[in-house]
Structures are given as C-alpha cells and as structure tokens.
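Here the structure comes first, spelled out in structure tokens, and everything after it is commentary.
Letters A, B, C and D mark the chains as written, and numbering starts fresh at 1 in each.
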Amino acid sequence: MSSSPTAPADLDRTDPAGAVAAAAARVSNWGRWGPDDVRGTMNFLGPEQRRAAAALVRTGESFSLSQSFDMDGPQKGWRRRTNPVHTMLDTGTDAVAGVQGFPHGIGGADDVISMPLQCSTQWDGLGHIFDHGVAWNGRPADQVVTSLGDGVTGIETVADVVCGRGVLLDVGRAIGDDGELPDGFAITEEHLRHTIEAQGPSSVVRRGDLVMVRTGRLARARREGWGEYAGGDSPGLSFTTADWLHGSEIAAVATDTWGFEVRPNEFDVAFQPLHQVAIPHIGLFLGEMWDLDALADACAADGRWEVFLTAAPLRITGAVGSPVNPVAVR
Amino acid sequence: MSSSPTAPADLDRTDPAGAVAAAAARVSNWGRWGPDDVRGTMNFLGPEQRRAAAALVRTGESFSLSQSFDMDGPQKGWRRRTNPVHTMLDTGTDAVAGVQGFPHGIGGADDVISMPLQCSTQWDGLGHIFDHGVAWNGRPADQVVTSLGDGVTGIETVADVVCGRGVLLDVGRAIGDDGELPDGFAITEEHLRHTIEAQGPSSVVRRGDLVMVRTGRLARARREGWGEYAGGDSPGLSFTTADWLHGSEIAAVATDTWGFEVRPNEFDVAFQPLHQVAIPHIGLFLGEMWDLDALADACAADGRWEVFLTAAPLRITGAVGSPVNPVAVR
Amino acid sequence: MSSSPTAPADLDRTDPAGAVAAAAARVSNWGRWGPDDVRGTMNFLGPEQRRAAAALVRTGESFSLSQSFDMDGPQKGWRRRTNPVHTMLDTGTDAVAGVQGFPHGIGGADDVISMPLQCSTQWDGLGHIFDHGVAWNGRPADQVVTSLGDGVTGIETVADVVCGRGVLLDVGRAIGDDGELPDGFAITEEHLRHTIEAQGPSSVVRRGDLVMVRTGRLARARREGWGEYAGGDSPGLSFTTADWLHGSEIAAVATDTWGFEVRPNEFDVAFQPLHQVAIPHIGLFLGEMWDLDALADACAADGRWEVFLTAAPLRITGAVGSPVNPVAVR
Amino acid sequence: MSSSPTAPADLDRTDPAGAVAAAAARVSNWGRWGPDDVRGTMNFLGPEQRRAAAALVRTGESFSLSQSFDMDGPQKGWRRRTNPVHTMLDTGTDAVAGVQGFPHGIGGADDVISMPLQCSTQWDGLGHIFDHGVAWNGRPADQVVTSLGDGVTGIETVADVVCGRGVLLDVGRAIGDDGELPDGFAITEEHLRHTIEAQGPSSVVRRGDLVMVRTGRLARARREGWGEYAGGDSPGLSFTTADWLHGSEIAAVATDTWGFEVRPNEFDVAFQPLHQVAIPHIGLFLGEMWDLDALADACAADGRWEVFLTAAPLRITGAVGSPVNPVAVR
C-alpha cells in the first residue's frame, strides 16, 4: 500500500480556484432538498438510519469522543481563537468561608465560560465556510451570516438530527506507522477504501452515516505536546476526496485533527480548499478535533467499527459551529 | 386525585435545616461507591442499562430536549447569570465585502460565546451544591471547588456516561389542568406514582434511569413570556421526594423548570433545600430547563414513555454544571 | 424661559432622512483635516488647549465622572448589550483555604471582565455610526469596520488626546425643575446659550473643549430605579443642535444620558438621527452615561464650570467605543 | 556606577518568608489611616498634590502610557490570563450589506470585550495580593475578596484619586546599556537615587507622587518579540526597595515590566515577594506593563521628568485590578 504524502497527479498545484470550481460543479447538492433547505447532508440521516444504528449496540459500552475544554488546549490565538476561559461565579472555598449568605447551610458553586465555538471538539455548521461569497444552497453569504449570527443555517437547525450510525475509519492504524499518519499525508479515496477493506464489513460506509476518520494526529500531539496542532501541518483528507464525500451520501465526517483536510494543503498557495467545496457545495457537516483513540482501540479489539453515535450540537441560535461531546455506544 | 399545592403535613415549615439533616441521614450515598467516587448516581448507569435502552428504539424519531441558547432567554442577571452572549469573529457580510484576505475565494465565519454554564438547558454537576460546606461523598467543599473550578468532581468525570434509558413522567399532563401544574405545586411521590400508573408500564422507573419530569412550566412561559421563569415561582418536586429519588436508584432527574424543586420552597425561609440533599448526599445529577414538550406529545400519542436518551455534558474541565442538548430517540 | 419638550418648528417630523441629509450638508467636516484623518474633532484639542486647561486648576479637587461597571447597571440585553460580567480567577477565600500553591505565604486574587464597550460610562468612537454606509471622512463603512474591528478610526487613535478643558453645562439645573429635565425634552441651542448665560463666563464654550451637558436624567434613574434608562425616553440634545455642535468647534460632547440625544427622537419614525450627523459628518466624539452630578454640585457652589478633564479611552485596538473613567480636576 | 544583577548582600536567599516578615514589620502602614481605610497610599495624594501637579504643565503635550489591548499582546494563558478578545456586535460590513434594519440610513457598529483585568497596562489594586491570608490593613483575605469580587478595597474606591504628579525615573537610561537593563537586574534604592541625581531636580520624589520606573524591558520586547515578557525574566525593583517605597510616601509606583519587581526573584524559591510586602503591608498601588518609552524620550530631551499624570482605573465594582490608559501632560 502506497502511503506517500505527495499530492495526487491530477491536481494542478497552481490553480486552487480552478480545482474548487471544478469540484463544486461535480459535487454540488444545491437544490437537492429544495431552495429552502437548511440541513444539507443531515437530510440523509433520518429515523430509518437512526433505528438501524440503535440496533448496532451490543455491549452498551460508551465512549466520549470529546477532547477537554480548558486552558491546556491547543489554541494560540489565531484569528482570536483562544482556549476556553472557565471562571467561577461561586466556589466551595466561599461556601466554607461562610460568605455566601444562603440559609440553612446550603452553599453553591456556579460557573461561566467564554470560548470560541470551535476551540475544541466541534462541528462546523453550514454557515462556517463560503465560496466566493456564496453559502450553502447558493445563498449570498451576507444574507446568511451577519454580526447577529447565521440567521438561516444556524447550528440549531440540526439540533435534533445528529444521532445515527457512526463508522470509524482508522486510517492511521490501517496505513500509518504505529497507528499514525505523518503530517502532510493526504488521505485519498483509495486510502479510505483500503481501510474499509482492512477493517472488514462493519466499516462499510452507507448513506446517512456519521463517518469518523482517525489519522493518529491527536495521539501524536498527546505524546509530543500540542505544538502546531491548531492550524499547523497535519495529515487529513485529500482535496480529491470531495467526490467520495459527495457520492457516499454521508451525513457528516469528523476527524481527530484541527482542520479535517491535509495540511499543508495540496496547492502552492491555499487555505482549506476542501472546506470550500464540502460545506457550501456538498452541504456537509465537518467534525474537527474529535478524540477517536479510545474508541479505535475498542473497535480494533473486536473488529466492530460501527457504533450508535450521538453528537448533538449545543442549541446556540445562529451559531456557525458548536462544541460537542460526541458519545458512541457499541 | 388531590393536587393541592400545600406542603406535606410532615414538613415543619420553620425548620429547613432540621429537615435537610434528617433527610440526608436517610438517603446518604456517601461511601457507597468507595471514598474516591466522583460519579455519584451515574454509577447506576452502566453498559447493561445502556444496551437495554438502545433496544427501546422503535421508530428512530429523535427529539432535542434543549431550549435555545441566545439573548432571548429567561436570565435576568441574578448572581451574574446572564443569557448567553454569542458574537461573531468573522461573518458572511465580511466575506462578501472582500475584506477577509483569504485566497481562492474561500470565506468564513467563526463565533464566540460567553455564558454561564447554567444559563439554559443544563446539568447540575456534583460540585454545584454543598451542605454546610461539605460536598458529595463527604469532602470539604473548599478542597473540591476553588476559583480554578471543581478539581475533583468536575462534570468531565461523567462525559462518557450520560446515555441510557430516559423515562418521561408527564405530571403536568397526568395531574394538571390543560397539561400544566400551577406555580407552587409540590410534586410528591404520590403524584409521581399516579403519573406512572396513568401512563402505563413503559414509564415504570428502573435503576439507572434518566428520569424526566414534565410540569408544563415551560409551556406556560412559552405562551405567557418568561416572567420569573428563572428563579421565580414554579411547580417542581417536593422536598419529600428525597426518599424516592434515593430509593429508586435513578442516575439523574431532569425537569422543564429553572430549579427542579417547587418554588416557593416548602419552608418559611429557604432556598432550594432539596438540592442540598440531592446533590451532596444522594450524589444525584439534576437536569434543569429541559424542553420536554414535543417529546411528551409524541409519547402521549402512542403511550410509550421510555426513550434512548443521550445527554452528554460538554467536557469542560472542572465545571460544576454544563449546557447540554439532550437527544431522545424513540 | 420656555422649556417645552416639543420639537422645533423647522423640523419635518415625517422626513428624518431629509433632515439628516440637509444637516450633513451644512456641518460636514470631511476633508477638513485631510483625506487620511482619523481623529475628527479631536483635532481641535491640542497642546495649547491642554496647557490652558491645566491653568484652570484651583483647588486640586478631583471628581470621577464614571458610573459603576457591574451587574446592577441599566442594560437589559438590547442588541446584546449586557451589564458587565466580572468574575474572579483567584480569591481571598482560596488564599485562606490554602489551595493556591504559592510559596512563602503569598496569596493572590485576579479577575476577568466580559462587557460591551458601551455598557456604562463610555465614548462613542468615530466607527460607531454610519450614514447610508459611509463612515467618518467619507469612507465606505465596510472598509472601516469589519468583524476584526475598526481598522481605520479605532478608538486607539485618540488614546493620547482626550485631555483638556472640560465645560459643564448644567441644563437640568438652569432650566429644569429641581435640577432635572423631563423625558422627551429636546435641548436646543437656545437652551444651551441660556445655560451658559445663567452659569456665567466660566462656562463659555471654546474651540477644542470637552463639553458636558447635564440633564438630570441619571439623578432621576438613581432615585427611581433604572427603568428604561438604557434606550428609553430621556431628555437630550435636539437634532437642531447639529449646527451648534459643528460651529462651536468642540472636541467632544458628553451627557448623563444613555444616548446623548433626546428620546423619543424628534421624528415620527427615527433612531438617533443626531448621531447620524454628528459622528460620520462632524467627526464628533460622543460621551454617554457620564455621571455629572457631584461635579455639578461643586461647580454650582462656587460658580466655576470649567475643569481640567482627562477622559482617555482604553487603548483597545479597533474599538468603536470605549469604557472610560473621566476625571475632572478643579 | 555598579550595575550588577546580583542580589543585595543582606538578603538570605533561602528565607523569603523571613525576609517578607521582617520587611513587613518595618514598613507596615496598617492603621495609619484608621481601621476602615480602603485607599492605602492613595491617601498621600490629595488636592494639594494635585494642584501642584497641574502647575507643572508647560507645553500641553500629552502622552498615553498604555500598551495596546488586543490579541497581539504578551499573555500566554498562565493562570487563565489571556490577551483581550474583542468582538463586534455590529459592523460596517453589515451596515453596507443593508442587514441592520435601522431607519433613515443610519448604521452602526458596537463591540464587546472579554479580558483579564491585568492583561495589559494596569493597576494592581489593594485586593490583588495577600500575606498569609491577610489583606491590606490587616483584614482577613476571605472577608475581602470572594468570588463576588473585592467587597472592601475594590478598585472603585480610588476611582477619583489617581491624578497627580508623575515622576519618571528612567533607570534604564541612567544605568543600563543603550537605555535597557538586562533581565534579572535588581533595581536598588541606590540605583533609584543615582537616577534621580543624574536626571536632576525635576525628578526628586515627593510625598503623594505617582512614580514611574522605566527599565527598558518593554523596548526590548518591542524589538525582539514578546518572548517571556509576561511572567519571565525581567529587570525590576529589588526586594530591598521595600523601605524606600514606604519611606518615600509615594502614592503608587509603575513600571514598564510585567511584574514590577525583578525576575527571577532574589530568593532561591520565591514568587513576587515584594508584592507580598508592598500591597498588603504598605498599601501601595502597583502599575504594570506601562509604556514609558515615548514619555522618557521627551523628558530626556528637555530634562523635565515630572508630569501631570491621570491614571484613573475603570470603575469596576469589586475589581482587584484595572486596565488603565495613563495620560501624562507636560
């Protein structure tokens, strides 16, 4: 199995705009669910898929796929993305000091958080990325996301949807050395197919699935320190997987990396070109910074790579992304 | 069926401290799961319960039980609890104006939130309430929750647990007028039993359940405006249900009210005395401000009151509570 | 002296846009300080004015003209303007509880604030208001203020300027009953002149002055409760004072009200039309929610209405406004 | 002139607690202004001092001594101290896009900030540091600063005071190479006296002064990048200056460094021992991260090192510190 981090032969590294336009033309889902659609590929995930997913549960073991939300995270301030600042409104020390003023011995602690919605484990919503000023389903971006938030495709529109069959594709384990792909490694459709084949039939991807792709990047950060985990080099999906992401009719895809797609990107001068196709054109939800390591170990142990996955975003009105604690049940 | 909002005969309205102490002595779970326990009643919810819960799924319909997180919420600033302030780091209007400086036509929107962790639909964690300076499992509160957060029982300790059988007890529908209990109505064990009986066998409560109690208070706020929804009068659980909450061995209980227990409280001068028993002594997780209305309608329609419920808190290190988007699948 | 709250005869209440356009044509300072200017009327305030202002100091008494910044403020959430949320990172209770982990007995407290920049006593910067999408000095607003802030006229551009002669015009005292003007009272140029005349020569307004207009609105709020102090009815400057604000060549004007101009505004359907002239066309800095009461009492006591005033905004890069603690020395 | 960065001979590097206790015994101001005092050394600065300071103004030139407040600052997250996060509630791009919904062509921009109060140029208030759980004037720290803030000595208590004579002691220029002291350089009383002598009579320090000590550390950070400006090695005041700080009866002292005192501290294992003496025992206000470079150049040019300085903290109720934009007028 070749695992070279070089870009596919059919990409012109000097023309990301052209590549985005061509891919967009091939994979667009605009209008597929009508002109008023606000849920994109989440339309693939309905009661039928969810019922089937529930039937996958065998042991009842559960796994949180969330990283921590605290000041020890990877954010370094790029575009004002900080780690979450969690402060207390009341504390146990106050309660013990007797300064809270409540009756009959009751004491309490309360807390506040200030955080970018994409500081740790998260969903990218449909209002997160635009292509030449156009958002999902062909809407002008300035009619969708203003300073008041996303008035059309805010993350709350899928608050009740994101629960169904999760399939874990552990590409790091199937292809990498010691379970990790190197930075700059572009995962192609061929790598995905190889992984599925290696893992066996439980990892066949179906319509409406919530696909999780493990690269091993988080395991490396955990071992070596954050470094440039947030925004730096990383393995990730190749730009060329746009067609697979579209054709597989999945509801969402999530990775254990900061940015889902390979970095450096596969063009000489570029910034997240696969996002530019996936979100506004496919209408695809992207999960980032998921922690897939413990689940991957469990799946590898018994060869079952499908789970009942609930990854409901917070119901933040108008949000273009959301922190999430995805829970997988096997 | 009597539905009088008067307090039970056996409560001395003048002695909340005495009542708390007596109840605590009866229902304490301290030491039940060892001296190092940090999960309290979530210990009742394990793989076995979760597997059985998954088997309850029939139609695959899903319901978000979360209220919105935005400035139109009920908070009025009491103890610095505000509604969530969601602001944008980048917008579609910026993208269209061409001021973002990204290559090949990609544009983006990002956002930030600043909010109390208990501003909308939420879990109370085990570090949220103390009794005379003592936290869950008998620990001194000042050794548990400092300005750095809850260093022992932070909500992250149950990040992977809160997924299992949800049972909805629609007391508002069973006992109230037009599906709503009046403010000040104290729901007793008798009312809970009556509701279970009225709803039928699917609502029998079992060990490890995530019990949801609907009062109709949110429906009233939705119709009449927030008013004093956050902190004011409300139906809710009677102080006398402490024994039922303990004896039923449930993992958690959630309501559609601000504060879970009846308000005004059932003592002359008091503040949330049932919290003071339930959290530090029973080790019980409390859900508040859940939106149970749509689920209740669905359950009433076919008489099935049990669901597969995932209500995973955000993995905020050291939090004493957490916003949550609970998702019920039927 | 007439003090009727009716609008001046020469305003067509049905045509605010026309009135704004006509006033803008009369009072525009565009280009006055060159095409690159970012300081507007602060150009009137230079070393000469500042030196003269310092010479006004007689007693050395100082007055803070700032309201408090805390949760007891007037904000109610309109357009996400909340009161400031101040939380602690460390506390004295923690220090006493011995949980801070510092050596040799040192303990500490730190704090954080989250607040709208215009939640309490503040300056409106030049990027705060636009007229038909055009900002100060004729710049397209979308080339000035994006989600990244005000990249051209951010408040930091006047960080070292706002220090000079302050003149207090206590219109409430000169014209009102018991020192207060009623809500809806439009202060005209005639009222200003009358006040100056009543107060005597120390209150003659000169080029480069920082003019403070006291209406008594804050005194009323302090006595009666906030009510609709933030955004509701109020006395304030009449739209017709645009010419005086321009012709007097003052550096800034500040009031003890939420919004500087009279509310309801003097048109049938309008929102802050004087702002629309004053900020983008005159280039005038507006101070709002200043507490002028104690200073006014001192000025009235000895008849000296001029002070050395320092009201430096925080140096927040790109801010369109700033909290401020103005200090007047007499 | 010796400028060795070694610690004074009379400090036992192994006993910071002993040194703190001994210094505290020598320099305590507890009770000096009565048992209820909340202003500490700001009591030295009254109308008389302020009037004299105003008389120092010659040219009327003004200098902002504030660093910027933005994401490009030095904070790295230590103890949750981040750089300030400034976001927009409304923008010019929104206004131009026509999405704001205001009448007659008015458009607007508003903003919000979330920041530690000590993230950039700031005052340490009297509630910032404790000695063995005791705060200024001998109060138990847990009776002063709780999660609700500093209920006794909050920074608002000096909101109207901090305006008087500023004296700049440019130790970097007088003693350092190229105007900068090296990291670890402990400025002693001898260095201060030498600087005053070198600068001439305008820099003689008097009772009630706001003393500014320039080390050149900020100039170095500006040239070389922040590095460990916030919390790392730095020149600063020697622990041994406690007696001078007390005996000189100054109202406050400010530096161009993160932490005012020399770092590493002059003991083997220590953290800011001079703070532990200066704040709770002397009752001294400390300014940190001030930008003194431009003012120093102006002072050096004409040999006048005294200014009329206004450095009023924001009136944040209960704050233990405050951002500030100090303005010096010459």
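The rule is short, and it goes like this: a residue touches a chain if its C-beta (ideal position, glycine included) is under 8 Å from a C-beta of that chain, and two chains touch if they have at least 3 such contacts.
These numbers were taken from a predicted model, which means no experiment stands behind them.
> Determine the shortest chain-contact distance, in steps, between chain A and chain C.
Step count on the best path from chain A to chain C: 1.
> Compare the two sides of the chain C and chain D interface and say whether they are made mostly of the same residue numbers, over half shared, or of different ones.
same
> Would you mind pulling out the distance in Å between where the CA atoms of chain A average out and where those of chain D do?
That pair's centroid distance is 44 Å.
> Report, in whole Å, the distance between the mean C-alpha point of chain A and the mean C-alpha point of chain B.
28
> Touching two or more other chains, which residues of chain D qualify?
Where chain D meets two or more other chains at a single residue, that happens at 80, 85-91, 93-94, 96-97, 99, 112, 114, 142-143, 146-148.
> In the complex formed with chain A, which residues of chain B make contact?
16-17, 20, 46-55, 57-64, 66-70, 72, 79-81, 84, 86-93, 95-97, 102-118, 120-121, 127-133, 135, 140-150, 156, 159-163, 267, 269-273, 275-276, 308, 310, 312-321, 323-327, 329
> List the residues on chain B that touch chain C in their complex, please.
Contacts found on chain B: 71, 77, 80, 82-83, 85-91, 93-94, 97, 99, 114, 142-143, 146-148.
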